[in-house]
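Just below sit the structures, each encoded as structure tokens.
Both of the next two complexes hold chain A, though its partner changes from chain B to chain C.
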Partner chain A sequence: MNKVLQGGMALLAPLIAIVAAVVVTSLVLMVAGASVGDFWSLIFQVPTGRNWVNIINQTSMIFLAALAAAIGFRMNLFNIGIEGQYTLASYAAALVAGAAIFPGKLNVLVALIVAVVVGALWAGIAGVLKVTRGVSEVIATIMLNAIAITIVGYLLSNHGQQYGQGRRTAPLPESSRFKGWQLFEKTDGNVWTLVLLAVVVGIGVSVLINRTRFGFDLRATGANEAAAVASGVNVKKMIVISMLLSGGIAGLIWMPALFGQAGYYGPTFQHQLGFTGIAVALLGRNRPLGIFFGAVLFAWLSEQANKLQLQAGISPSIVQITQGVVVLSVVVAYAVVQRWRAIAEQRALRTALDAGVKPEGVSAA
Partner chain B sequence: MTTQAREADVPSATGGGIEVRGVTKRFPGVVANQDVDITIRPATVHALIGENGAGKSTLMKILYGVQKPDEGTIALDGEEVHFSSPTDAIKAGIGMVFQHFMLADNLSVLENVVLGAEKLFGIGDRARTEIVRISDAYGFDLDPDTLVEDLGVGARQRVEILKVLYRGARIIILDEPTAVLVPQEVEALFANLRELRASGCTLLFISHKLDEVLAIADDITVMRRGTTVGEADPKTATKRQLAELMVGSELPSPETEESTVTDIELLELRNVDLVNDEGRYLLHDISFKIHRGEVLGIAGVEGNGQSELVQAVMGMARASGVIELNDEDMTSWGTRARREAGIGFIPEDRHHHGLLLDSPLWENRMLGHQTQPPNSKHGMIDRKGAKEDTTRIVAEYDVRTPSINTTARALSGGNQQKLIVGREMSGEPVLLIASHPTRGVDVGAQAAIWEHIKRARREGLGVLLISADLDELIGLSDRIEVILRGELVGEFDPRTVTPQELGSAMTGGKGAA
Partner chain C sequence: MSASMLMEPTETRGQRRGRPTWYLYLLAGLVSVSLVRVLTGAHEIDSEGSLRAAIVSTCPILLAALGGLWSERSGVVNIGLEGQMLLGTWGAAYCTYWYGPYWGLVGAVAFGALGGLIHAVATVTFGVDHIVSGVALNVIALGLTTFLAEAYFADLDSEYGHGGAQQLTGLKKPLSITIPGLSDGASSLAQKHWFIVSDLAAMVAALTHRISIVTILVFLLVLLTGWLLWRTSFGLRLRSCGENPYASESLGVNVRLYKYIAVVVSGGLAGLGGGYLALVSSPGFHTNQTNGRGYIGLAAMIFGNWRPGGILLGSGMFGYTDSLQLRDPDVIHALLLLVGFWLLVFAAFRIMRQQTVSGIVLGAFGVGFLLWFFLTDSVPSDFVSMTPYVATLLVLAFASQRLRMPKADGLIYRKGSVG
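Here is the complex of A and B:
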């Protein structure tokens, strides 16, 4: 099958999905009595410097969250517990970093390791439960979300510092913070240094899945578990390792924000990224590049939506409908495109064979 | 539209001739049938033969109204008919017996037969009388009140035929009816078919087993590459002629030449047991040896422990007892370790256990060998090596594909199987576990696969061969063990055993030699 057609097909599904999302969102706006024109002109307005900085920063966190989800999804393992894993990991990392046991940037490194380990272990509980007791990872991770969020809340209110209305962990020492890069005016804010973390992890996951034996085993298990078992894959081991990896990456989600802006775990902690990540992983078909574009789209929509209330009197929640429809349509559109692709491939096969061997009694169609 | 509606009471004693003229059916990208011409005389057994993928199934579906032809005509007793659904076909007196039975196990024969045809004779005594009448008329020996789950395969097939007759069919299409039967049952089926023919039924018998076709058919039509390529008279035609018509080449034979068995023990099983969750024995006290250069064939009716035996040897199921490879105890090894030790595996269900259907061929070439060269180095995939080796397999094993980047799903069954055989023969395996290696594969590919197994055997490969095709087992094996209810019940010498003797041992009829 030729490469151009294949590439075209790959782009077709997201395109269909975006068109569907635009149509549905417009209909909802019309029903709600809002101005469709205002909405889209604001969403597609050229972002300001401040918007750009926010879009980049948010993209990095959404991207990490979606990578964490994708690792599991590639082998049909549904880690719905990313939310809990990164909440607990973020708290633990902020706690360790705030204690400043190590000097300067070494402190950052130790905190990152703590985040990865805590996230991995928390997810690992669900993995171990699945292979030893047959507990569905979906149920286990959802329960673990609730437990993690409760634990963090408890620890924070009993051991955190009083800060304004709420409580927080001890702030990082100045030497453990990153200034980031000021791309525009000073008031526009900075792009966080640890956005680079997302880039590194993205490349790492891509290599891991596509180029390593482990990645092959992982994909094979997801594609056909019985065949993977027959090929020698130890599925139980794979489940535990994948859960650990997924949770480990989840642990890193909030780290760019912690060291670039927040400085502590407290009321400013950004919730919900874990669930956004699941949606974006679906949107990007669990491929790092697809996930990247999905993360940009989600970050863009959320950021641009902030202006809606002020400038057009439209509720920013409308973009959540857009985001939801994009994800749903992508799933449907991929199934349809997949079918077209299979037909096209069979046709190519038949053409190639007819060209090669001309059997008697049959003329090429 | 002239759909013939007939009285659905008694199979009519006359008529039942079908003429198919110039039928063509296209699917997206594929011409399944092209210019098909068949004349089926009334009250005859007409055999339709051809390799897998020759278009027999499509033609059958067109005759039964499942699919509509794009071009061409079908005439029933000289009158043109157009079926838009199987209901129309049944009304016109055409019935079909599928290869896979469509029966509810927990219902009685009576209930299965009347299901969906309640309007004909009701569900009570009239229906019972009719069933008994049909059963007696053709010697089916079926009691309307027996539960289907208590019936054997042959009897279940008779229920299927009875179902069709009950609905008034006088033309019956039988899709590979002997595929599921042992030789004795085939004889019984043929006796039933002769009765049916004598009473005026027309039978379209689809098969690729040439012996059977020659034994039962009055006329033979051969299909190849979607079209009818010839007719043959079973009184004068030979197997070889038919096969040549089917494939356009000579009929291959699985027979091996001189023995290459050595006295070096390769695989040994001692007292291997496998127990399921309910504590029932799936395998019981299995002991055997395979030497280098030896093919051990396992004969048995499907579901008697063959799959479990394969899983035990491959390490996919945890069996107790001792399994040794080259005098090394590998009972506790995982599947990967066993594969790395040189065990190749051709699974019985290639879609389930053998392929990643949506992955390209070169990734499928790696499957099962992903830890070994040329597929990987130092834990990283060697794409170049894997692709080059896939190209080699495609060439050496004649896998018909436009590219090694094509997904496995796009290939026909035979080509998928050739890829699997090529992959499992790579990297110099010492032992090959081959489960139905030529199932669903056309004659050409079958010959090629046999040739590859024979060649590897000459080079010292040991083979554990499981097959439902007794000719294949007898032809390839150096020794045959019969498995029944998870136990090995007899050993046979393939040079002297007949399919009838094997069939008898497989069903527990007679003690082992």
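Here is the complex of A and C:
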């Protein structure tokens, strides 16, 4: 199979998925008696300045969440606990930053380190349980999610400040906040400075997975564990390290919002990013670039959906259906494409063997 | 018949002889609970009201876990239970409003089964990773039920129910049964707070007074599942698909068909669990009503070692602690004593069997709980909601070696590609 065709097939699957998502979403809208035309014209309307700012900011957080999920997926680990990891890490970071032990931007750096460490350790529990006690990381992280969210709730209600209806951690000092960049009018809001964090982490992960020995071992373990063991990979160590990495990145998810806008952990904390990240990682095939496009798509849909209620009387939750269908149909499409590819390879092998030629790139097994 | 050789026996007879059997455990549990109740005076620990609340919280989790059992016994991991439950809540609410509560139950099962069918098409026909399909299904179901609720329920308002943007309340409930003489007698006996007798009486009272027929149906479904999957050739074939589909295939079992049946039934059961939430547990439907119970059901199933009895125990534990959050804080404090005691018992067992390290760790936890009990007067309610999760982690950490999941669980099956 030549490279061009392979590349074409890689793009074919997302294309099929988007078509399927459009069809299913339109069907649901029709069944509910809503205007299909209004919906799509609003979704594909050119975003306003404020929309652009929100899309960029949201993309950065979804991208980080998806990267965290992808690290696990690349070696067949399902870290469903990103939600708990970033909740706990965000709380811890906000707590430390709010205490303002260090001056100015040093405070930010310390808080970021705290976020990474807390997220990593929380995920590490699941990793250690898996390698020492054989506990499925799926179940362990689901349990750790619930525990983390409860702990944060408890700490917040017992040690937080009362703020309006809810509770929050002490707000950051002014010197530890970032102004961000004002791309449009002042009322449109700013792009958060720590959006850069997503860029840095994205490049870092990309290099780590594709250009280092560790990344090679990670991919090898994910692709064929038995072969990886045979070539000397310490799988247990790899599991713990990847869980730590995944959790560490998860810890950073909400940091752009904390230092760019929120200023404290409280009612404004954005939940569900962990689950969104998992879906986006699957959509982007666990590749940083694919994840980036997936994150933009999800952020775009969520942001544009906000107008639906007001301008067309359609519930914004419809885009969740679109998002879910995109994920499901993209994996179905990939599975089908892969099957075709396997059949084509087998056929090529058979004809080559029939011709009595040893085919290139195919091992004796 | 030959398919039975595929199954590895989970334990041999020799091992079983040395161990106390389940009814001894049950008796010991009852005595310890009663003892703690009498000693601490926390009578709410197993009062009629507590037990009824616990049963109501247990049922949805139990149904989800049972759904998980069907699916995973056929070799398909169903993390979409959450989504199937959500679909069930909507189906139950819609059908109850328009056709009455019994059609509501049918609607719950039908919508859940539809979710199961989607999962089956993705995983069995297209060979998609089971977890990916499940996660996507959960996202879709949450969006779909929220959207459909706003589209269909917002304007409803009549004697059959009161709608809102995110809810539909005041729905008619399925029938509740009270057995007149027995329930009153048991109730008054339970009030006496006698050792053992009152505990048993409270149990009888909870089961005979205002018990929903859906609850009875749920427990019948557990029995039915156990019988179908372990006592019939249908069940043997279905389980063989989860152990070694290629061997089943070689014996002429239509593996795909069995997986389809299992996953659709799984979705139907989870859907009924959602229906239970909307029609029995609470006064109506609201969006995201399951709130993670599908995942908890999955955990209860693993906790229960992929077996109906274990699932009952696991779901009961989650259900009981779930119901405790709304009740007397003294009970929670008394439970520390109970947990500490049992941890020490298990620690002793471990040390007797020369598993010294885990025995010591368990023992340390046990002493910790006892100290917590004696040094404090109350437990923050947040910690209560955490209990089942921590307990599950501990159980998995200390007993996971004895858990045995179906051998081909979660693996992608492709017809005729053995190798």
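Throughout what follows, the second predicted complex is superposed on the first by the 337 of 365 C-alpha atoms of A that agree within 3 Å, B and C clash if a C-alpha of one lies under 4 Å from a C-alpha of the other, contacts with A are read in each partner's own complex, and residues count from 1 in each chain.
Everything that follows uses one rule, which is that a contact is a pair of C-beta atoms (placed from the backbone, for glycine too) under 8 Å apart; a residue touches a chain by one contact, two chains touch by 3 or more.
Given the structure is predicted, the values throughout are model-derived calculations rather than measurements.
Undergrad: Can A:A34 be said to touch chain B (first), chain C (second), both, or neither?
TA: Only chain C is touched by A:A34; chain B is not.
Undergrad: Going by the contact rule set out at the top, does A:F78 touch chain B (first), chain C (second), both, or neither?
TA: second
Undergrad: What is the contact status of A:R133 with respect to chain B (first) and chain C (second): first, second, both, or neither?
TA: Only chain C; A:R133 stays clear of chain B.
Undergrad: Counting only touches as set out at the top, which of chain B and chain C does A:V233 meet: first, second, both, neither?
TA: The first partner, chain B, only.
Undergrad: Please indicate which partner A:V327 is in contact with in the superposed arrangement: first for chain B, second for chain C, both, or neither.
TA: The second partner, chain C, only.
Undergrad: Between chain B (first) and chain C (second), which does A:V200 come into contact with in this model arrangement: first, second, both, or neither?
TA: neither
Undergrad: State the interface residues of chain A toward chain B in the complex, per the touch definition above.
TA: Residues in contact with chain B: 1, 210-217, 219-220, 223-224, 226-234, 342-353, 356-357, 359-363, 365.
Undergrad: For chain C, which residues are in contact with chain A within the complex?
TA: Touching chain A from chain C are residues 79, 118, 122, 126-129, 131-133, 135-144, 146-148, 150-152, 292, 295, 298-299, 302, 380, 382-383, 385-386, 389-390, 392-393, 396-398, 400-401.
Undergrad: For the complex, give me every residue of chain B touching chain A.
TA: Interface residues on chain B, with respect to chain A: 26, 28-31, 34-35, 224-227, 229, 248, 314, 316, 334-340, 345, 347, 352-359, 363, 366-371, 376, 379-381, 383, 400-403, 405-407, 409-411.
Undergrad: Could you pull out which chain A residues touch chain C in their complex?
TA: Listed in rising order, the residues are 28, 32-34, 78, 80, 129, 133-136, 138-140, 142-144, 146-147, 150-151, 153-154, 157-158, 275, 278-279, 282, 315, 317-325, 327-328, 331-332, 335-336, 339.
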